[in-house]
Every structure is written in structure tokens, then in C-alpha cells.
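Both complexes shown next keep subunit A, but they swap its partner, so subunit B is in the first and subunit C is in the second.
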Partner chain A sequence: MNGIEQETAEGCTLIRLRGEVDLSWSQQVRQAVLEALSTSTRVGVVLSEVSYIDSSGIAALVEGFQNARSKGSSFALVAVSDSVRAVLELARLDRVFPIVADIEAIPNVSGAPAWKP
Partner chain B sequence: MSSVPAMQHDSAPADQARALAFLADLSETLAVSLDLRQTLSEAVNRIADFMGAEAASLFLLDESGTTLECRVCVGPIDIAGLRIPTGQGVVGRAVAENASQVVADALNDARVDHSTDSDTGFVTRSLLCAPLATAKGPIGALEVVNKRSGGVFTADDAEILRLIAAPTSLAINNARMANELVQQARMKREFDLARRMQKSLLPKRRRNGFPLLGVNLPAHEISGDFYDYFDLPDGRIGFFIGDVSGKGLDAALLMVRVASLLRWIGKEGTEPELWLERVNEELCQTSLDGRFVCALVGHSDRLARHVHIAAAGFPPALLYRRGEFTEYLSGGAPLGILPGMTFDGHEIDLDDASLYCFSDGVTDVRDAQRQTIGSEGVRALIQRHAGASAEPRLRGMFSELKHLRLVDDTTLLLIERIHPQGPEVLLTRRFPARPEQMREIRSLLRTTLDDAGVETGIRDKLVLAIDEACCNIIRHAYGPDDSGDIDLHLTSDGGILEFRLFDTAPPVDPARVRPKPLGECRSGGLGVALIDSVMDDWTLQARPDGKGNRLVMHKRISLTRRNGEDHE
Partner chain C sequence: MTAPAPLIEVEKLEAWYGKRRILNGVDFTVHPGEIRVIMGGSGSGKSTLLRHMLGLNRPVSGSVRLFGTDLATASDREKLEVRKRIGVSFQGGALLTSMTVGDNVALPLREHTSLDEQTIRIMSRLKLEVVNLGGFQDLMPSQLSGGMIKRAALARAVVMDPRLLFFDEPSAGLDPVVSAELDELILRLRDALRMTIVVVTHELDSAFKIADTITVLDQGNVLMTGTTADVRAADNERIQDLLNRRPREVHVDADEYLQRLVGETE
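Let's look at the complex of A and B:
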């Protein structure tokens, strides 16, 4: 059920997560995100098939986002499922992360769409 | 109709146009109404006229498919109701061979049966017969007799009759199908009515500490299971649960009779053993057509301290007391088989234990591998839900059963002392404090909160908050060097859910557990902030004995619905 897949498309590294992201494997998610950012300047985490995420999973994404900002890379959450969005909203992080509908919309440079009024 | 074979007359185009016009007309007549008797007799009249025949008749096959009966006829002789075996005579042969028959000289044709003629004085000179063909073979035949002009029927006439037969059989088929649909709809209405009536026979849920709870889940539309409870003259409660063998409407009707018989004989407080004996005598006096009845009857005082039961071919009653099971077997054969039988009962000191009486539908439930869960499965089911109060426990058990395959009616009667005041226990669970446990705990929480009628959006937030609390215990209280269990208690009291989490980890200083402001882009401290945001209030305390911590959280909810097959 749970799974991480990595692929490269249109000059962008995609990390596709599946299942329930929780404490039992969020460390793997964190590592996969940081590794992708060490080799690519444009990283997207696809969350359409994530049915649950806890704070340790959110923390892994936050760390990825901060890492990308410090390096001037681009980082976005792609196709966020309703249950993930509910948790992001609850944590008031839905306006912090760049959230895009599909791969094409992942920005080329860091920052630009990250802060919405 | 473009394939109408050309009629080889000199006046072919005119005849063709006439035939087509008639066909169109006839089809219209037949399509107007589904009332066959009227339309067919009109159609046969018009066919006789069009064909210029002295007589015409329509035969239909009966249900057995071996005999043809004349349903409509026109002409000087009334042969309506005449029956002909398939294969005999011209009509029988047309159907048997599914082919038109042309008889130019009837007097000298071996196919023609002259018995009707000799009875009536009518002389059959020439006749023509076409089968009423359908995709599933002929359903009858159309026959015309004697040309009024005195001539003989030709192959062309046969072709026209064949064409006329087509819309006729179509109309008959349509009418039959329509009739079948009407019948089916009526059957369904009657089944629904029976189902509602049956449901209305089950007793209403009683509140205020009434020590009996029943649930019935029919596998088919109509159930053969039943249960009932009622007050006895001495203040105790009489109850019974039963199962009529077989399925369907007749089992359901017998169930209605047995349930009222059990109530009638039991309501004076007859001792359970004698109660069954009398019902058995009564049932044996009339034939049950091979059916029989399994039942358990009993008495209980209002605090369910002492219960007296007797059973006839019913699955063993299961007593559950603090993790231990005791079985009480039936003391006699099913009811309605042999007169003069006696039954042995059981006197049970129940006190604060629970007595489960369930129909064999519960043990017959199939798991994912299609195996029956058996009495072991039922025991495991009871044990899994044992921590909850009676009502949420039955809801939980049945919602689990519903996820399995029900092959039979499933009915359960629970007898136990109900504490009318205080919170309702929805869930108690002890599990090892390890991250891999949390997936199952989340799933269990979702089911429990669903069953309690918590709205989905709130449910997911509560599951998140509990998960966060457990993860904090795992990560920070026990930490990487320590291990132990987490105890989770979920209770509901007047619309307030209370979640309690206990651990046996070294005491945590509550002052150090503080929610951080939300919306900050930091990876630490988010869990407590989420709990703080979801719950109305929460407190963390070291347990007084210094062994472990206690986290209590509250959330007020508005209940949207109640699950389960309650009869409120």
C-alpha cells in the first residue's frame, strides 16, 4: 500500500507518494525528498494517492521546502489529495507550500508562487 | 417489409400495396393495447376478411409446450377451447415443423383431421396454416379455412399469411412480457410489505437500563429469524430468540406464527423448559411441511443477575465474564419435529457478565477466504469489542460482520446488566507503542467514530490528533531506548467524546509540552499544535504513582446519525 516512486519528467524530479504517510516510514520520505533536492533544482512531491499524512510526514515536506529555499531550488506539492489538504489547512501550511495542480505548473525558480496574500 | 416477396399475379403491384397497407393496419391494431383477448379477436376477424376466408382461428401452445388450444376463432363453427396435440393435424404440424402448411384439397389430404367437420356438418375444402414464430420457436399457429370465392389457397396466400403471423406473434410475446413484469412488480411490492410487517414484529428498543438488546440483520429480503421480549406478571422479563429453517416467504409466514405462539404461551411466566414443551406440542399438531424451528427462551430479572434459559436445537448461548467464555448447550431437539419431547434448561448467575444468544447466521458469516468464522470467530469478535458498552459494542460487532459475507439471517440477543448513567464506552484498546501499530489503530478509530455517528471531516481530524498523541508517546515519552504499551479509552457522554491515553513511560514534564503557533514553517512541534487545534481541551499529567503519563482530551460533537440495525 505505502510506497515511494521517483521519476524524472520535463527536467523535473518527481517523488510520488502512496498510502498513509506516518511515523513508521516518514523518515524514508524525508530522505527521498532531500536526495532528490541534492541532484535536481526542480522537485515536485505528488500527493494525489496519499490518503493520510501525519505531522512527521508534513515535517519531511517542510524540511524539503526549507532546503530548496536555501539553495534557490524550486519545490512544490503536486495534485494534493483532499485528506492531505485538510491536514495542511489544519496546520495553516496550505498557504506556505507552493501547491500546484500538475507537473507543468511546478515553477522553474524558487519562491515566486510560494507566498500568496 | 421491403422483403415482401413479390406475388406472382398479373396485378402484382396492386396486391402488394394492399397487403402492405393491411399489414401496417394490423400491426397498429396489435400495438395499441396489451389486452390480448380483445386485440386478438379483432385481429383474427380482420385477417379472415383480408384473406377472404370463411373461417379463421388462432391456436396457442400451453405451458407444457405439448398441446395447442384454440384461443380465438371466427366463422360458422365455434372451436374456441379445442385442444390439439403438437404434431397432429395441420395446425399441430405447422407448429411441430415451424413451417407453413398449404392444403389445396382438404378432402383428400391425410394431414387434415375431419372429426370436427363430421360433428358439425362444416366441410373443410381448403386451408392454410402459418406458425406464430418467435426467437424461441413457435408459440402457436394462425389458420384460415375455405376461400369464400370457392377457390383454393395458393403458395402466395401462404406467404401473405406468414407475413401476417409475424406482427401477431410479436404482439402476443409483448403482452406476455408486460404481464410478467406486472407480476414481478406485484411480487416485489408484496415482499416489501411482508418485510416491513416482519420488522414491525421485532420489539422496540427499551431504554433506562433494560437488560436486553437485540439486533437482526436479514441476509435476504425476508428473514426467518425473530426475537422478542416482554414483561412478566411477576416483574421479570421473558424473552426468546429463534430461527425457522429454510428461507423465503413461507419460512417468513411460519416465523410470524411461531413468534406469536411463543409470546402467547410465554407471557404468563411459564418456566422455560415447559414453555418450549408446550410450543412444540402445538407446532406438532399441524404439518410444517418439513420445516422446523430452533429457539431459545428464558426469563431474567431486571438487573440481569439471574437468568433461566432453555433451548431447542439453538446454537449454544455464550456467557462472557472477564475474558472467559462458558457455553450453555441446547437441552432438546428443534421444535415441530416430534411431539412429547422434553427440554433441559440452565439457571445462570449472570451478575455483571454478558450472555450472548445468536442464531447460526452469526457463525455462518464468511471471512475473506470464504470460510465460516465459526464459534471461534464469534468468540474473537466478542472479545475484540468487549471493552465497549452494550450498545456501541453490538454496533461495532455488527458493523464488522457487515464487512464479511452474510450468508444467512443474523440475529443476536444480548442479556446483561445495563448501567443507565455514566458515559458510554466506545473503545478500549491496549497496543504496543510502536509506529507500525498506528495504521491499524487509525482504522479502528475511524470505524468506531463512524459507528458513533461522528461526521467524516471531524472524524479525520480526531484520528489525526490521537495519532499525533500516540506518536509523541512513542517518540518522546518512551523514546528510542524504552518500550511499552499504550492504553486507549474512548468514551462518549452527552455529546462529549473523551479520549484517554495511558503509558508506562518515565514521567514527562507537562510544562515542556506546549503547542507552537501553527502556520510556522518549522518541522518540529507540529503534533501538539494539531492536537491543541482539534481538541476542545487536553491535559497531560504524570500518573500519581510515578509510573507513566495520562493524557485526557475532550471534543464536543454533534451526532449526525446512528449506524446499525437498531429498532428504535
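Let's look at the complex of A and C:
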């Protein structure tokens, strides 16, 4: 079952995706990511329950990351599932995105050192 | 648990070019997640079979179903739905020479989706990255080498993340390194994007590297379908000729030969 949930934890906006992210609803994901970045300087997208993501879903994450960088905000992919990681690796995006194991590891813009590729 | 439905079902397919029979009652089934290689020499019928699966040729008899849809009887709308779920990388690339590489790759997204332009740009450039053509989006096809054209064509074929990808002669005309890179890419596409892939090739090394199963065609007949090990071990003279690159002995019928040379002159 596909789904998207948003929550705030430890000063960070989390977008939790579930199911198969594809063309049929990836624009919702894009909108949610960009909206979160318009109100928060620390955003994580939790991908542990994503069983498949297509290029349109990846494009939403890329646009979010670029948006965060342009504003000096923090953005990370959290708990990436194996199937998502395979798609990221296909395009070598695993070397571009900040990927962290859990929420605590999302860099804090004002405190923690900036994530570096 | 029932097995997933086949994505391709070809039954008793016959094809003729004039008086020449090209396919002789071919049966061919491909299941989700499979990499199937169609192998055969020149004139075996493999390109004709591919053209029928793409709906470019209409069966004289027999049927071709993709995703359960019979291409011969489907409405235009049903055919369009099928078309959106398949990607095709043609042997010569078939890039539009008047468009940049980036616009070529983005074309299916612009034609079949209502995605915003920024998403289309990222998706098409992402696929150029996947085929190792990152940053080449502003070049024209005439500025690319043969291997690059092939990779750009593959990027366009997979830009919509099709469930089913057809790849015609991926290795033809490429040097061994580029050819090996394409083989790796085919395997990674299947694994990461869960594509089902049908590859038409006469390149043995490539076929055995990428195939889960191989269908061997010869003179319009399916000689066998099996795993790479099955094909290697096949007790069939023609298959062993193909594997060992032994040319077919040409049978000469004197009457037919003379008829071909001097017949139909009235």
C-alpha cells in the first residue's frame, strides 16, 4: 500500500514514504519534499518501507536535495531500503545523496558538521 | 501460489515476406523479471519476431500478446497503454537527428506524461548518467560515436522505466569493452528497475553473459528455449553449428536453383 506521512521529530521534518513510488504519485512526493523544505531547514526522507522507486521518484528526491543545498538547509535520505539503494547505485546517486541510518544522524544545520560526499 | 502471468505470449506465429516464409508457427513466452535472449544467425527470423512483438508487423496467422493484450485486435487506446509500458532500443539507435541527445531521451516523457519540465529534465539526464553519457544532453546525435548512439538510444528506451525492454543487437558494431559495458548495464537495469528484457543478438559471448534463458531460432523455427547450460549442452547439430560458428551447408536443388535463375521472366 502506497503512502506518505509527515512528522516532526528532534527539530527535523521527516517524510516517510511507503510502498512503490512511481509515476502515478511521484508528483505528490515532489510536492511534499519541496513543501517541507519551505518550512524546515532539516529534512529527512525515510525510505525503509519503499519496495520500489522509479526515476520520477528519484527525480523528486534530486530536486529536493538541490533545493536544500541552494538554501543551505540539511537534507538526507534515511534508512534506505535495498531496492531503493539499487536504483541509487544504478545512477551512482548513492555517492551524491547524504544517506544516513537513522533520524539522529541527519546533519543539524546549525550544529553538526556539514555532510560531505 | 500462482505464477505471475507472462508479459509476452506469442502463439503459432507465422510470417511471410512475399512467397518466403520467415516464421513457421513460432511459440514464445517471457515471464516477468526474465532476461530472454533470442539468438540465431542471419535470416533466422529473429528480427521479424521482434517486429511482430513491437506491433510493427501484423501476424499472417497466430497471435502476439503483450501484458495480455492481443496487438492485432487491440484498440488504439489499448495499444497506447501497452506502448507506454515498453521500451525499445533499435539496432541503429533511431535517434532523431534534428534534436539534441537530451531532447531525444526526454521525448517519451513529453509525449506520454504530464510531468513538469523540471522533473522531465532530471529524469532524462538521470538516464544519461546511467548509460555513462552524463553531460552529453546538448550534443546532436551526429556528434556521437556508434557506441554513444547505442547508449543514448538505450537511455531513451528506459526513460519511462518500462516494465518490458526490447534491445535489438546491443553489441553489433561495438568494440569489446563497450559491448561488455552494455551487457553489465542490461543486468543492472533488470536488477535495479525490475525490468523484463528481451535481447535479440547473434553475439554469443553477450548472449551467454546476460541471458536467463535463450531461444534459438533457425530458419523461422524455434530450435529450443532453455537456460544457457541447456543450450550449451543441446544435442542438436544446428545449435552446435551456431555455438561453434560453423557455417550452414547450403543445400542445392537443381530444379529450384534453375527456376530461381531463369523463372518468372514473362
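In the analysis below, the second predicted complex is superposed on the first by the 109 of 117 C-alpha atoms of A that agree within 3 Å, B and C clash if a C-alpha of one lies under 4 Å from a C-alpha of the other, contacts with A are read in each partner's own complex, and residues count from 1 in each chain.
Assume a contact is a pair of C-beta atoms (placed from the backbone, for glycine too) under 8 Å apart; a residue touches a chain by one contact, two chains touch by 3 or more.
Since the model is a prediction, treat every value here as computed from it, not as a measurement.
*Asks:* Just subunit B (first), just subunit C (second), both, or neither: which does A:52 touch?
*Replies:* Both: A:52 reaches subunit B and subunit C.
*Asks:* By the touch definition at the top of the document, which applies to A:24: first (subunit B), second (subunit C), both, or neither?
*Replies:* So A:24 only meets subunit B here.
*Asks:* In the overlay, answer first, second, both or neither for which of subunit B and subunit C A:89 touches.
*Replies:* So A:89 only meets subunit C here.
*Asks:* According to the stated criteria, A:35 is in contact with first (subunit B), second (subunit C), both, or neither; which is it?
*Replies:* So A:35 meets neither subunit B nor subunit C here.
*Asks:* So in the superposed three-chain picture, is A:65 touching just subunit B, just subunit C, both, or none of them (first/second/both/neither)?
*Replies:* first
*Asks:* Subunit A residues touched by both subunit B and subunit C?
*Replies:* Of subunit A, residues 22-23, 52, 54-56, 58-60, 62-63, 86-87, 90-93 contact subunit B in one complex and subunit C in the other.
*Asks:* Provide the residue numbers of subunit A that touch subunit C in the complex, in ascending order.
*Replies:* 22-23, 26-27, 30, 52, 54-56, 58-60, 62-63, 86-87, 89-93
*Asks:* Quick check on the complex: what are the subunit B residues that touch subunit A?
*Replies:* Touching subunit A: residues 435-436, 438-439, 442, 457, 460-461, 464, 467-468, 471, 474-475, 518-519, 521-524, 526-527, 529-530, 533-534 of subunit B.
*Asks:* Using the touch definition up top, name the residues of subunit C that touch subunit A in the complex.
*Replies:* 113, 115-116, 118-119, 122-123, 126-127, 129-130, 159-161, 188-189, 191-194
*Asks:* In the complex, go through subunit A and note every residue touching subunit B.
*Replies:* 20, 22-24, 52, 54-56, 58-60, 62-63, 65-66, 83, 86-87, 90-93, 95-96
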